[in-house]
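Paired with chain B in one complex and with chain C in the other, chain A is shared by the two complexes that follow.
Let's look at the complex of A and B:
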């Protein structure tokens, strides 16, 4: 059963398995475990960016195709559905029309991009996609009568998916982190802490939409896992390892490279549609900005290139850090500012500088952990297994030696 | 029959105008494109607007959109061309460093934009600190201010380049994927450092008194009389041309230039002859970074405002230019930059919203035609 679901590609590390299960459960029960708007938004973003980063990993990690236009396809989806809802009125037909239209545009554009990549060297592809993605962003910014320009556009989601749609009963949530914190700091008043940890969960359309994206993210992730463990995925990895040899073996590498760009772009488009429906307001700044493309790259590399599980870990770590690291840095800079002679350094730790530390972490991880978090965890697990096997072997050898004598 | 075979073996050899044109197109693609661009727009300018628009005008005297393209006159064309050249040369200064590092070291430095921003902020700092010199209106003080600002920007970014090459890039020579990742990380760090040092707000840069305003060409000059050209753009053209000349001189006439050219063609051969190619790499990287800083400082004064993210936005144009010119070719970079500058100004004049798209469109079109860029560098 697990073999079928995970396509035989297990995490292969106990820590990693624990992390993945924690993330899956945390996201699945999330609205009932974490209180607050920020937490809800962060969880929604994690679901969506798991799709984006995993599909990016298909190109970057599995095929070594560096594209900076991935967010452009994300933008196709977001703007496609927003424009469809705007012109056709808020309904589910409009959503599906928007999805279909933006998927079509994405596939055609990705095909053209792939064809362009036939004519240029691999390193050109990165640069060309960067330029094309930029020109799309400029276009979105300029065509303000359609896209709202820099101000962005409101996404008129159907009532069933918005906050106005409420169910009769409100659910009850249990703020896990608050409870744990309460138990640790005030262990004598467990009962009171438990009572305080309970909170109301608004059962509205937003929650429904969250679960739609959660289910879709899970489904698409498992589908991608199947994809990379299929013969198709093996060819992609062969191209990554040695394109010339893969071609010599009779695989049309150009076809595979184009195919992976098309498939990844389609996934990104779906994620873009979800993004528009979840956030209900899109601007070029949050869908198409170059910085966002860099973030996706960061998530992919920090999590671990060439392992889809890395996308889950990377997206979660990055988005949680983006939301909460700032608070942590704020506290830290407050401390440092109090230490004499260290005031100038406080600027390095101010809340807005979280990206600086992530950048440093990123560069260091490229040097020292090129396989990312997942790769490192797997390497440790493999070393431990090898160590265990080694001692057993030694023991066996000693026994054999004993028998002989 | 014989004539047919001769053309088949050498399609460029022929007498017809068409053949000569195609030979020119293939032999000098950069001049061909420049000529095409300037020629078409000149044609738009030369044809008097009244004649074209007359049959189309409606009651209010407005012509349809397409016809309005012809509204440009020759003075405007001249102004646009010089401004485009100025913009192109500024971009050339910024991109030449990147194309050189790629050509020689095979390193794609995506953090180049960070160096551009750094240079711009350094330049802005000097200009702000010595605002008295700029406001004085004296030629000597203005020149001194510019020199100080540019040299300071170049020294700082050059020093940063030494550090960057040693620490960030050296471990990833020969691995393009890691280079892309590491230099992206480096550019994030550079931009964040700028914000640590100078704060997150934009800083205005006031041009020195002498470089404000425009010169107006004497009405007596035929055709272009009355055209106005900003002084700062003229200065940018002059500085850019001088730099291009100096670079060509260094690359074509000096020992270092020979080594650089040899290194672009074949790194190992240079090493075999006993030259420390690493030192050459370092020198070229530092020079490239310093050029980025200079370009950034000049661009900051051109836009009169600097922003920590300006380098990232300029990187798009830099990338288009180095792809257009052919990765690694300084000459190609020069013509590519001018092409980009011109098309930006022309299209921006005709339809401001399309200027950014036209740049990328030019790149895609050229790539379809010549995948290796205008003047490709031979690599073995």
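Let's look at the complex of A and C:
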């Protein structure tokens, strides 16, 4: 059963298994474990970006196709559903029309992009995607009477998916992290700490929408996991390893590369639809911005390219860091400011400097985990297994076996 | 022999890179059940000619025919589909995949299941079994789970041959299959090539420098020199012919055999 769900592609590392279970449970029970608007929004973003990063990894990590247009397809979905809701009114029909239309546009665009430019050198494809993504961004900015231009547009979601829709039952959450912190710092007052950890969960349409995202992210992720472990996925890896030889074996690599771009783009479009419905307000800045494209690349690299589990880890680590690093730095600079003569240093840790520290973390993670977090965890596990088995086989072979997926 | 239609035919094949003509007007047909060796000094155009036949390069002139069909415009994958199999001179494998995964890719190619994205590949036991069979033939079954980039050079050469076997082509094209192998590994590969020839229905092309190998295995020898076909015939007569002595060997025959 588990073999079928995970397509036989196990995490192959105990630490990784623990992390993945923690993320799955954390996201699944999230609204009942973490209190606050910020936590709720972060969890929604993690679900959506798992789809975006995993589908990006299908291209980058599994096939070595470098595309800068992935977020354009994300934008197709976001703007597609927003425009549909705007013109047809807030209903579920509009959502499905928007989804269908943007999927059609995505598939056709990806197909043309792939067949026209994947025949030639990889760098040419990368540049063409960059140019097309840029023109789409300009288009969205210029067509302000449809898209709202730089001001963006409000997404009029159906009432059932918005905050105004309330379910009959009220829910109670338990703030796990607060409780743990309370128990550690104040172990004598467990009863009081426990009482304080209880909070009301707003059982509204937003919660419903969150679970739609969660279920879709889980489903699409598992589908992609199946995809990369199918004969099709093996051919993708063959193309990544040696395209020339894949052709000599009889595989028409242009079609495979085009197919993977089409599939990845369609998934990015679905993620874009979810993004618009969850955030209910979209601008070019949050859907198409080049910075966002770089962030997606970073999530992919931090997690580990060529391992879909890396997309889960990368998206989670990145978005949590992005959200909470500022808070952490605020606390840190507060402490430092209290130390005599250290006031100037406190400025270095002020909240606005979070991107600097994030950059440092990124450089360190690439330096110490060149194969990404997942690649590194698997390599450690493989090395430990090889050691435990007492085999005298070359360590390099075992390590390499752990790094490739 | 001339009355039978050749399986693979090179008709006036020519390719020039800039001003340099690497292969010039080469015409030659290949027949089932024969092993043809292609010999010639370094830079004679042997590998380039192979690339023209198997589709890695497009000729600037001439045609390639497979069972009478003009395949000149077809790309390498389409030619592989039609039964043209190629092993490469410089090892050309999937370095970060295991030996078994490499071989499974070749087996899968014959099964035309590459676009299947739902079956779990690991559950296709028949593919694994077939791949293991070919690995056994090239004496690599004990290396199945090794990552290719960590293999010794000789084993990589054997896998190169194993992939060609797994493709089960009509035409086998070996480009120096034993180059860089240790002395005791060479017979394994040569026996395999001999076996394919024995089957009687396959076309085997072999680029090889070791003259003793060429003489013992070949039914026919084709000599290329400066991109042109200068001799074509029975091994003994070709090796003895003055044009070959001069153009290719350039040194007394006894010494060449000792090399």
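Simple rule for what comes next: the second predicted complex is superposed on the first by the 355 of 405 C-alpha atoms of A that agree within 3 Å, B and C clash if a C-alpha of one lies under 4 Å from a C-alpha of the other, contacts with A are read in each partner's own complex, and residues count from 1 in each chain.
The working rule: a residue touches a chain if its C-beta (ideal position, glycine included) is under 8 Å from a C-beta of that chain, and two chains touch if they have at least 3 such contacts.
Here the structure is a predicted model, which means the values were calculated and not measured.
Within the superposed three-chain model, A:24 lies out of touch with both chain B and chain C [touch as defined at top].
Once the two complexes are overlaid on the shared chain, A:248 sits against chain C while remaining clear of chain B. After overlaying the two complexes on the shared chain, residue contacts for A:369 are found with neither chain B nor chain C.
Of the two partner chains, chain C is the only one touched by A:7; chain B is not. In the superposition on chain A, A:231 contacts chain C only, with no contact to chain B. Looking at the shared chain after the overlay, A:355 reaches chain B, while chain C stays out of its contact range.
Contact with neither chain B nor chain C is seen for A:165 once the two complexes are overlaid on the shared chain. Judged by the touch definition given at the top, the superposed model places A:135 against chain B, while chain C stays out of reach.
Touched by chain B in one complex and by chain C in the other is not one residue of chain A.
Only residues 4, 7-8, 226-227, 229-235, 237-238, 241-242, 244-253, 256, 259, 394, 396-397, 400-401, 403-404 of chain A touch chain C when the two sit together in their complex. Partner chain B is touched in their complex by these residues of chain A: 64, 66, 116, 119-120, 122-124, 126-128, 130-132, 134-135, 138-139, 142-143, 290-291, 294, 297-298, 301, 347-348, 352-353, 355-356, 358-360, 362-363, 366-367, 370. Those residues of chain B lying in contact with chain A across their complex are 108, 168, 171-172, 176-178, 180-182, 184-186, 188-189, 192-193, 195-196, 200, 312, 315-316, 319-320, 322-323, 327, 353-354, 356-357, 359-361, 363-364, 367-368, 371.
Those residues of chain C that touch chain A in the complex are listed here as 54, 56, 75-78, 80-81, 86, 88, 92-98, 101, 104-106, 108-110, 113-124, 145-147, 149-150, 163, 167.
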